[in-house]
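All chains are identified by letter, namely A, B, C and D, in their written order; residue positions are counted from 1 within each chain.
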Amino acid sequence: MFFASDNWAGVHPAIADALSANSNGFSAAYGNGELDKAVAERFNEIFEREVAVFFVATGTAANVLSLAAYNRPGGIVFCHREAHAIEDECGALEYLGSARLQPVDGNLGRIDPGNLERALRRYEPESVHAGRPMAVTVTQSTEAGTVYALDDIQAISALAKAHRLPLHMDGARLANALAALGATPAEMTWRRGVDILSFGGTKNGCWCAEAIVLFDTGLAREMAFLRKRAGQLFSKSRFVAAQFDAYLKDGLWLETANHSNAMAARLAEVLEQSPVSRLAWRPQSNEVFAIIRTGAAGKLKAAGAAFYDWQKPQGFDGNIAEDEALYRFVTSFATKPQDVAQFAAILGSERAA
Amino acid sequence: MFFASDNWAGVHPAIADALSANSNGFSAAYGNGELDKAVAERFNEIFEREVAVFFVATGTAANVLSLAAYNRPGGIVFCHREAHAIEDECGALEYLGSARLQPVDGNLGRIDPGNLERALRRYEPESVHAGRPMAVTVTQSTEAGTVYALDDIQAISALAKAHRLPLHMDGARLANALAALGATPAEMTWRRGVDILSFGGTKNGCWCAEAIVLFDTGLAREMAFLRKRAGQLFSKSRFVAAQFDAYLKDGLWLETANHSNAMAARLAEVLEQSPVSRLAWRPQSNEVFAIIRTGAAGKLKAAGAAFYDWQKPQGFDGNIAEDEALYRFVTSFATKPQDVAQFAAILGSERAA
Amino acid sequence: MFFASDNWAGVHPAIADALSANSNGFSAAYGNGELDKAVAERFNEIFEREVAVFFVATGTAANVLSLAAYNRPGGIVFCHREAHAIEDECGALEYLGSARLQPVDGNLGRIDPGNLERALRRYEPESVHAGRPMAVTVTQSTEAGTVYALDDIQAISALAKAHRLPLHMDGARLANALAALGATPAEMTWRRGVDILSFGGTKNGCWCAEAIVLFDTGLAREMAFLRKRAGQLFSKSRFVAAQFDAYLKDGLWLETANHSNAMAARLAEVLEQSPVSRLAWRPQSNEVFAIIRTGAAGKLKAAGAAFYDWQKPQGFDGNIAEDEALYRFVTSFATKPQDVAQFAAILGSERAA
Amino acid sequence: MFFASDNWAGVHPAIADALSANSNGFSAAYGNGELDKAVAERFNEIFEREVAVFFVATGTAANVLSLAAYNRPGGIVFCHREAHAIEDECGALEYLGSARLQPVDGNLGRIDPGNLERALRRYEPESVHAGRPMAVTVTQSTEAGTVYALDDIQAISALAKAHRLPLHMDGARLANALAALGATPAEMTWRRGVDILSFGGTKNGCWCAEAIVLFDTGLAREMAFLRKRAGQLFSKSRFVAAQFDAYLKDGLWLETANHSNAMAARLAEVLEQSPVSRLAWRPQSNEVFAIIRTGAAGKLKAAGAAFYDWQKPQGFDGNIAEDEALYRFVTSFATKPQDVAQFAAILGSERAA
């Protein structure tokens, strides 16, 4: 019953096998090997166009270097108020990009286009005092487990374009969003105006497989220097390539995402039906937020369930009684139906007061 | 016959197995899992004292964050003129540490203490105009395949201490140096005055296992923020811990280092005995530098041998004839005796003109 | 009728004379001259204790280097939502300090201690993901022309201390606040817990006289390097020293501040009594914010009055009718009673609709 | 007898008068006043083309922001081994530009084109490991008091162009070089391939008048943000404009430069004719380097002469006896013939041993 985070899981067997299968032999380092090239080609196929792919060590690195590629003195990046980039990256963008993150309001993890437009207009006309917009970033799926509809992405990219800004997508849980929408990678990214993408594989079944995907391949040369200078160029790059190779083969990545989304839906049903818990809002991908009696939550934890207390996000204004609290549950490729069943059994033994 | 670099190899079977064995189950992320803690304890044992260990993605990151931990405005880091930090890290220290690297001369990759002292004295008395010394860094084994003797390290750390500077060791090939000297990790590092260490496992049999080892554990809290802010905190940190666990178990790391050093020695013998090649200088670890007739080198390459042309390092002033060139050969845990034998066979068929 | 900003004025005659008087002769550069030392001593007297003084070129530099002196990886600086540091410094802190500014709410330019405490608590317990508090900064007088009472400063410094954070004061208009409160420099700064101060002279009668004042003189050595490295060490430092020498002599600085505050009070009276204008809130120093019929404002501008349209600040929720707007007026040492009288005459000719 | 540095002098009377004359009245801040615009126009005239001018606080700021305008990840700036940028700016370029300075050898302060070409070629072909060239910078006149001939500048800019690099000129003593060559500003800068210029007025008679001159005006918008973000945008910009206005009027700047060069020539003659001193090399502008018996130097200092001990620069290999040392003398607009005469009288009383 490990619902603390999808990064508590290990690695999918197919990916473990791929790593083992690649243990032997020699290969050019620093991304110049045959497998690196094959994986780059695979990315082209997945996105139905030429892209440039750069492996990096972490989602934070992917986000920050993506934005740094569009760096401007005095630059300001617009993100949701609760985005990972502003809440959980320890000032990496300020450090590595000398840029500022400007929070934008919106319900349940999604930037509201109206708010974004107002935020952007505050910087018009351009003034050296205020600094100037540099990029917009959205997270898909969001930190609240919600998903931007394709039209939502289009609306935000249209605003970004109108202000001549690039749109970055933080896809730490990209596959979960794709699975939720039933959209293709192309539809959910560059066809809706995304310019650069943090493509995460770690949370969805890899050990360590994060990539920056550039839809403007003209930036690839700069990115090569940005990545190396930031200490993010793996020597045995093959170990990431092998993971992505297996991850992307035969749709494994969408299969694992569908699985974790399905586990989340099942967990949501369990939480909805108990008299001691209810959903805080409807989950759309692999994160479930629920209000639970604290007593019941305590028993679940005592029984070995792992999940986190959570802060109320913007756009949630439901009541939480004194004997209740908000919790977050995250499922993954490794979540088993019996984990949910065990959780349901414990919760089911609880009765309304 | 892949002698291009030790990072062209894959991963040692024991380490591949460890990764597979850790595929399943759940574990706290960001270095808080049980295996992370066990590995941290293993580092304490190896160094015969309490240390603080931080996994990072690359040797560049390990070097730069180590030095950034001792950051001072206007800070200058003294390194050998041909050190990786200055030659091969794309300005990472300037970017991530806002510091300058000051090259110091010395023969075959080793800082000469006399030159270091002269370099340090140029900054005395302290002046805001010149900037000020911040750290000294040595590479062990060096970029020229040589090794600092224990007394050499002591001499340099004494100089650093006399100027109240920390001493960093870039141990991208630490195990090869330990094997060459037959020294213990404690003897070659903190007992000789090393304050902070880049501990590399990647080149010696891991996929991706680099760590910063702090002998001053009081800096650990700062390092935690430095690492995270630089996008170097792995979520599934277990994948590095598992590698180090296998790497350090039962002396595997020294075994692989001894093997690659032995393969280098055998290769050196081959190169020494051929009428068309000779050693440029005597190898001490797993890198061999040889002067070969370009015709013979071409035949070797045509036959599939991989090795690099190399620039004359400081301290080498042997003659290289017009029909000769300097080449570098690197062996690794994966180098097989038959690779060397095959190489010898091809070279042996060459005759002096 | 130049009420656009106090930095539109020139220089006070006494300061101009001091510059002329120092034109000749030779003096050690980089702050080592006799006049520099005399002025440093003058600062000690004014603050009734030993301080360390560093001249810099601009208020932005003073603010950013003050905060950079307390730099920590992942550091977050808490400022009022409308502070100059966040609104008007083009990301200088992100660039020069790699830090983030966290806006705190409060009425009319003043940080509300309750909001500050909530903002600080969000970073407890310490987490590498979130980053960590590094400093608190207040502006005295504020961007809304208000002034923190001495107890307000004490309350904020107590909070900062409780979280082991330094308190910085942006004193671009320090003299106006001192004049408004009738407080001594010591009372309004270190005796109320201020640790470091941006001491501005430019807006109050100098050409270019900004200083960082350190109450913790132990930081002076670091500041010397921080300043030089940022390109902020004047060679002919004497030209700033001469300005400060005249500025601080015989209380000139408080005299000019009293004058500009008095001019603001007179202007406020004029705006209050007209049927076409009213005060938005009561001014406390040398900035007046008023709501004026746009027609009348247009006539004033046409007649040569210079003043800016302004955004509603936090804590002002008065109504502004469709035919009205909010404007800012700033007085200075150079504002003459006849400027205000001329303004009053034009405004007086306007009648309520 | 103040020969320590030209920045020990005060300000030329005409410039002092200009500041006084501009004391009164109001003017738009931040470089938007009428005088700022008039001075910008004056720069256009002087350079016989449209340029963009940005006032900054110091020569260090001018140099660093000039180079930062051409910033590239992993960028390397090539300068003379003894350039101010590398010897006397406390790592400002590493800090503000995240770039590295690569020293290039050459005699008496001047980059040798052959050495520059070799230094540039080391970075070919481009590699992310090594970093990449970003700019070349020359100092005119140099730190050794020598001057690049117009053809020298052309040769270096041709090399820079061949490698698609911009050429920056550090003109802290620009006027002295112009006076020495009898060249026009256009001839010595953009007509010889200089792309961006640090234009110094401080050392040659101003209090604080440094400017960045962009010959590629397309970079002006970026520079506006770079300057503001670095805390280098003066509010009362008029105080710099007034200095430049007087400095550039009726050729005052060349007159003061000619005067200080003439004083240096006279001083050189004195040093050449004494039996206890000799010129280390022939001065070309306003710096004189001489080898003097230490006993005589001590007597001169005791009599009030101020001048500095100096390190042997590259390209000087004259003998210095045990009882001799190398000294630097700098003249300025404020040096009087009687200062030199007094110096000569004291030196003249010395006799050869």
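Following the convention adopted for this analysis, a residue touches a chain if its C-beta (ideal position, glycine included) is under 8 Å from a C-beta of that chain, and two chains touch if they have at least 3 such contacts.
Since this is a predicted model, take the numbers as computed values, not measurements.
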item	value
Furthest chain, CA centroid comparison against subunit B	C
Which of B-C and A-C has more C-beta pairs touching across its chains	A-C
Rounded Å distance, subunit A centre to subunit B centre (Cα mean)	35
Computed distance of Cα centres, subunit C from subunit B, in Å	52
Distance from subunit C to subunit A - Cα centre to Cα centre, in angstrom	42
Where subunit C touches two or more other chains at once, by residue number	30, 73-74, 89-91, 95, 128-129, 131, 225, 228-229, 233
Of all residues in subunit A, those that touch subunit D in their complex	30, 72-74, 128-129, 131-132, 222, 224-229, 233
Of subunit B, residues touching subunit D in the complex	73-76, 87-91, 94-95, 98-101, 128-131
Footprint of subunit C on subunit D - complex, ascending	2, 4-5, 7-13, 16, 19-20, 22-29, 56-61, 64-65, 89-92, 95-96, 202-203, 207-208, 225, 228-236, 238-239, 306, 334
